[in-house]
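Single-structure report; data block below.
First chain written, first letter: the chains are A, B, C, D, E, F, G and H, and each begins at residue 1.
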C-alpha cells in the first residue's frame, strides 16, 4: 500500500461514517435525542459541529428534534437527526410535515430489535415498512439502506443530495450491525463525490411560488431571510403555500408530492446486481443481511449452484423494475431479513409470485449468518 | 385655526360587527346600526384611537386631522 | 393612525376569526411593537402551532411557519439556532403551548433561547370547538368538561418563570397599549420571553359559560385585571378570579445562541480534539 | 476463498476489550494492509455482565463481520469463557486469564493459561492495561498481524502520556507468550 | 312501524354510535385528546362515563392518552382512546407497547385528509397502511373499518371483543364520512350481541406465567391488584414477563405475538360478499367508499353488467383468502379508495395480478361518488 | 436489620446497576418507607419509564409496569384513575421525567393526581452512556456536551411546585434515613407528590467529570447537602453548588380521583342530562 | 331503484342548518318510517364561511349519503347560493332568502323567493328561528315528510322552553309556502 | 449481661465492591480486602446499621444482638 493511501485508511464504524458523510454533505445543523444504537452519531457531531460553524443541539425528545431540523432547514441549513425505533415512531408526525411542506432533511434510523423497547442493543430490520408508511396520509418517501461502513458514508451524502434535489425528507435506514461494526475504509475525498444544493428560484420575490406545480414536480426553494417571504403549513395548500379546501388544488398538490418520487423513480432507485445473468436462484437482500447473503451466494457458486443476488441500496421507492424480472428468470427468490418478511411481501408483489419467494426471517436479535442462507439455498436447489 | 374633525373609516367587508369600537369609545362617537357600526357624533371624537386599537378585524381606522391632510 | 398594511398579507383578509374574537387585537399590538423596534419584514420569522391563534402567521408578511400542534417552539428552536440573527416570534395558544406543547415550552425557557412567545390564553381549545384546556378555570364548562372542569389550571407565566425564562409578562386584550409595550420589551429581550395574553373566545368558551357577548367578556377583563403593583397589596381572597397584569420576570442571563457562538469562537482558536 | 481469521476477545464490561479489538483491527487494516472488522455485543444492559469484542482479519472483503468459527479466543472471566467459547474451532487457540478462569470449556483446543491481570498489576503496575498485555500475547500466539503494526496501532490509540506504559504492557505480553511457546 | 320499535329508532352519527358501542362493550376508561373529526366521541363519553361508574380524562396529548389507556387496561378497565391522523401518528410508539406487552385496548382513528395537518374536516382513507405498519418492529395488529353508523356500533363492540380475546390493541379505522353522517339506526339491545372478557388464569399466583406460550398464543391475563403480581415491560421478555436477551426466548415471543393473529386469522377476518358468484368485474371496497361502490354495483347490474363486490370489515389481518379467488373469477378488480391505492396494492399482491387491479383514488377531500365508480365499471366493461 | 426480602424478587438479583450506583440505596429507602406505612405488596403498583433507575420495578414484588421512555406518569395516570384504591408509585430518572417526560410531569402535578414520583436525579442519561440531561449543571461534560454543557439545568422540584404539586421534597442518597421519611410522607400524601433524590452515577457522569470514585461522589453529596433551614440563612453565592434538602412543598388541596368520585356520586343522585 | 330525495340546506355557519337538517332527517326516519341521512360539510375552518347541511330521504337503504342530484335547495346567503347550487337538478326546487340572495344561479329551477330571516324577525321576533321557518316552507314545497312528523321532530329537538316559539315559526313557514303555492 | 457483638453478613454474590459500607461506617469496623469488604473490628460495631442502609446492592446485613438471638 502506498504511504499516502495508508494515511487515509481508517477503521471506523457505520455510525462514524454516517456522521462523516453528513459533514461531507454540508451538514450544518443536527438535533437529536440519545437512543441506542444511534447515539454515537450525535456524540461525534456534538464534538465536530461547533468546530465547523455548525450547530448541535440535544433536544428534549425526538419530536422536538424532528421539528428543530425542519425549522433549521427552512432557515437554510442542511439538517439531520438520528434515532432508533422508539424515537423513529415519535418522529412520524413531523416526518409527515416535512413531506407535506417539502422541507429537505435527513432522518437516520439505526434499527434495533422491536417492537416497543424491544432489544435496545441488538440488530433488526424491522422498520422497513414503517419507513414507508409510518406517518398518516399518503406521502412520498425515500429510504436508503447501506450494507457497509463505506456505503454508509456514501449513502449519507446521497440522502442529503436526494433530499435537496426533491425537497423531501429522506430516511437513512441503517441497522445495528452496520452502525456498530468497525470496518476498514478509505473515505472518498471531496472531489470524489457530488454535493447537490436545493434549487433556488430564478424569479423575483413577487413572482415566487413556493409550491409551484412544475413539470419536475419539485418547486425551487428559498431560505427564510432571503427576501422571499412565504408561508409554510402542514395544511393542504395551493401553489402560494396558503391553505385551501379547493379539491382541484388539493388533488394537484397531493399528486405532485407523490409524483416527485414517481416521476424520478428511475433516477432515485439503485440496485447492485451480482451474478443475476445466469441465476436460477435469486437472492434479494439489503443492509447488513446482504453481506451474509453475498457470502452464501459465493459459497453456493463454489458448489456449482447458480445463485444471483439483487441488493437495493434504495428500499423506497421500491425497485420493482429490477425485481420483476427475477420472477421470470429464477425459480426461487430468497429474501433473508431481520424481520418477519416485510420486503419479501413486496418481492411477492413485484414478481407476482412467478418465482417462489422463500423467506428467511430472524427476529431474535441475532444477525442472519451466511450458513443459514446457504442452507436455504441448498434446500431450495435440491 | 378652527378644529377639524378626525375622519373615521369603517371597512364593511372586514367588519364583523363585534361592537367593540362602539362600546369602548370613551366619547360615544360610534353607534351600531344593524350589524355594523356607524359614526354618529364625529364632533365628539378626540382621535384617541381606542376604537382602532380594539378593533380585532382591522376594520376601523381613525385618521386624525393632520394625517387626513397629509393623505 | 397606524400603518398596519405594510406588515399584512391583505389578500388573505378578512380574518378567519369569529366576530368578537380577541386574537386580532393582539395581532395589532404585535405589529405596533414590531414597528416601534424597527424590524424589517425579512428579519422576522413567525412560527405557530395549530389552533385559532396559530392561524395568525398566515396574515403577516414575514417568514411564516405554521407547524404541527404543540411543536411551534421546537421548530422555532431550529430556525433560531440555524440563523441566530433572525428575530423569531412564536404565536401559540394555551392548548398548543401548555397542553401538547408544554414540554417544549419549559425546555426553551430552561435553555434561555432567544425566542419571543406570544401566548394567546383564551382558556379553551377554540379551533376544535371548545374542549377543556390546561388553563380552563375549575368549575368552568367545556365540551369535554360538561359538568364543570375538575382540574386546576396552570399558571403559565409562573411555569415559564420556574423553568428559567428571562422575561415574562401578562396582559389582556383590553389593555392593548400595555400589551404592545410588553411585546416590545419581550422582543427586545435577549433570551426566552413570554407574553401571556388573556383574550376572549366568545364562541367556544363564552357562550357555553354564559359570559354574555364578546363585549361583556372584554368588560369582564377590564374589571378583573389588576396590575402587579395593586396585586401586591391584595390578599389571596381578594385576588381570587383576578388577572394580574404586568412584567412578572425581567432578568438578564446568558442566552443560548450567544453562548454557543462563544464556544465556536473558542474552538476556532484551538487546534486538535482533546 | 481466501484467508479469514477470527478472534474473539471476551471478558466483562470495562476491561477494555473493545479498544483491544479496535487496535487489532487497525493493526491489520491500516498497517498490514489487510482487511479487518471489529464488532462487539452488549448484554441486555449497556454495561456490566459478560462482554465480547470480535475481530475478523482477511485478505479479501469481509462479508459477515461476526465470528462463527473462531481461531483465537481470549477469555478474561469464567462467565465469558463459559458463554463465548462454543464457537471456537477445533484446535483453535484458547487464551485464558488463569486466575479468573478455573474451569475450562470442553473441546479440543490449544489452551494457554496466563495470569494476565496479575501480570498487568505486578509487572506494569496497572490492571487496566491487561487488555494490552493480552494483545502482546495474542500477537505472538496468532502471528496474524505483524508486531510492528500492532505496536504502531497501540501507540496511535492509547491516551497521550500513556504510550510508554502501554508499550511496556504489550512487550511484556509478547515475552510471556514467547516463554509459553518455547 | 310499531310504536315500541319507533322508540328505538334514532338518527345518530358514527361518532355517536362508536361511543355507544364502547359503552355497550363495557368501556370503563376513556383517555383522549381532541382532534377533528373524532372529538365528538370524547365529548359524548365525557358526558356519559361519569354516570356509569366509568372514568373520562382529557390528557395533555395523544401520547399520554395512549399510555393512560394501557395503564387503565392493566388495572382491569376496558379502555379506549379516539383520535385522527396527527394524533394517530403520535400514538404509534405506545401502540407498539400495547402490542408487545399484550394489553387489550381500542384505538379509534376517524380518518381525515393527510398527510400532516392536511384536511382537518374532510374525509380520507389514508391511514390504512399506517394502521398496519405505523410503529417500529414487527408487531401484530387488528384493524376494523365500518361502513355505516350501525356497523360502527357493532364493530366497536367487536373491537373490544377482539382486543380482550387476543390481548392486543385493536384499531377502529373510521373515516370522516362515517364519523359525521347522521343515519337512521335501531341499535341492538344487550341480548343481541356478545361481550367477551379477557381470559383469567386458572392457576394460583405462584404458577402464573403472564406471557405463557400457550397453543392459542394468547396467555390468560389478570388485573393489577388481584393478587397475581407480575411484571410488564416493552423489552423483549420471557414467559415470566422479565427482560431476556436469550435468542430462543425472544424468537418464541415475537413469533407468538404475530402468531396470535395468524393462528386466529380465520376467526378474525370478516368480509361481506355481494353478487360475487357470477361477477366478471369485482369491486373491493371498505369504509364509506363501500357505500358508493354498492350503489354503483347495483346501477351497473341494472345495465346488465355482472359486477360483484367484496367488502372487508376487517382490513388487518388482510382477507387474502377471499381476495385471491377474485383474481381467478374476475377480469378486473376495481378498488376505490380515498387514498392513492393502499389497499389496491394488497389486492394486487393477493390476486397475483391475475385480474387487472383498477384503482379509483381520491385524495382531494371529496368522497368517491357512485357515479365515479360506475363510470369506471362501464369503462372496464367495454 | 430490616427485612427487605418480602418486597423483593430475589431471583432477579444481583441488581444490574454498576458498582457504586446510588439507585439501590433509594430502593432500600423506598421499601422501608412502604413497610412503615404498612402497605401490602398487592396494594402497590410501581410504574417506571426507561433508564437505569427505571429498571427498579423489575426487582420489587409489586404490580410492576416498565413503560416507554418518558411516559411512566401517563401510564400511571391510567392505573390510578382506573383503580383509585391502588397506591401508585412512579420511579423515574432525570431524563425520563424531565426531558422526554417533562410534559406529563407538569400535567400530573397540575391535576394533583395522587401519584408518588420518586425521581432519581443523577444529572445524566445513565442508561444510554452519559449524554447531557436537563439537570446536568452548566459546564459539566457529557458525551453530547464534550466541551461542557451550555444549557442551564432545571430546578425540577421548583418546576413541580410551579405546576401544582401538593408535596415536594429533595433528598440525597447520603441522607438515606431522611430520604426514607420523605418517601413515607410523599406516599401518605393524598395528591401529587415528588421526591427528588440526588444520586451518583459514577460510570456515566462521575468518571467523565473526574469526580473520583463513587465513594468520593457520596462524600461530595454529604458536603454539599444543606437543609432547607440552613439554606434560608445562606446567600445565593453561598448556595452555589449546594443541594438544598428538605420538604419544599407540603400543602393540602383537592385531589383528582376524589373530586372525580364526588362528581360521579352527585350524578348518581341526578336524573336526565342537562 | 326506489325513491331518493335530496335536500341541501345552505347558508353560513351559525344559522342552525345542521339542526334543521337533523330535524328533517329525524322526521323522515323516526316518525315517517323512511330512511334518512344527514351530513354536513365544514369549510377549511370549523366555523364561519359558507356551510351546508344535506338530507337524503329514501324508502330504501341509502348508500351514498351526499347530495349529487338535488331535489330541493335552500340558500340563505348569496355565497351559499353561488357555491352550492350547481348540483340542483333540472326543475328542482330552489328556495332562497330573498333579502340575501339577489343574484339567482342560472338554470331551469322552480324558484321560490321568501324573505325568510325577515319573517323570522318580524313575525316571530327572533332571527335565530329562521331555520325553523325554512323547515315549514320546505315541508309544504317538498311534501316529502309529513307535517305531523316534522312538528314532532321539531318539538323533540328544540331547547326546552322554546317549543311554542318554534312551533309558531314552523307554522308560519307553512303558511307562507301555502300562499306561494296558491 | 455481657455485651454480645452484632453479626454482620456480607453476601459476596451480590456485593460489587463499591466500598460504601467501609467508608461510611463511623467506627471503621469494615475494611476492603481485594474487591470485597470484610469485618475487621466487630467489637467496635454499634449496630447503627449505616453500612446496611448505604449498601446499594443488598449485600450487607447487620444483625443486632437481639435479632441474632431471634433468628
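Couple of notes before you dig in:
We adopt the following convention: a contact is a pair of C-beta atoms (placed from the backbone, for glycine too) under 8 Å apart; a residue touches a chain by one contact, two chains touch by 3 or more.
Note that this is a predicted model, so its numbers are computed, not measured.
By the touching criterion, once subunit C is set aside and every other chain stays in place, the chains split into these groups: A, D, E, F, G, H | B.
Chains A-E form the pair with the most C-beta pairs in contact.
As a whole-number value, the distance joining the C-alpha centres of subunit D and subunit G reads 85 Å.
Centre-to-centre, using mean CA coordinates, subunit B is 28 Å away from subunit C.
Work out the mean CA point of subunit C and of subunit E, and you get 39 Å between them.
If you average the Cα atoms of subunit D and of subunit F, the two centres end up 42 Å apart. Counting partners per residue, subunit A has 36, 47, 50, 60-61, 63, 86, 93, 97, 116-117, 119-120, 233-235, 243, 245 as the residues that reach two or more other chains. The multi-chain contact residues of subunit C, meaning those touching 2 or more other chains, are 18, 68, 99-100, 102-103, 107, 128-129, 134, 147, 260, 263, 267. Residue numbers of subunit D whose C-beta contacts span two or more other chains: 43-44, 46. Here subunit A touches subunit C in the complex through residues 28-29, 31, 47, 50-51, 53, 55, 57, 59-61, 63-77, 79, 93-94, 97, 223-227, 229-235, 242-243, going by the rule given at the top.
Within the complex, the subunit F residues that touch subunit C are 99-103, 106-107, 110-112, 134, 147, 150-155, 158-159, 161-164, 253-254, 256, 259-260, 263, 267. Across the complex, subunit F meets subunit A through its residues 50, 68-70, 99-100, 102, 125, 128-129, 131-132, 134, 143-147. By the touch criterion stated above, subunit A contacts subunit D in their complex at residues 1, 6, 9-11, 36, 119-121, 177, 180-184, 288, 291-292, 294-295, 298-299, 302, 367, 369-371. Across the complex, subunit E is touched by residues 1, 21-22, 25-26, 29-31, 33, 35-44, 46, 62-66, 68 of subunit G.
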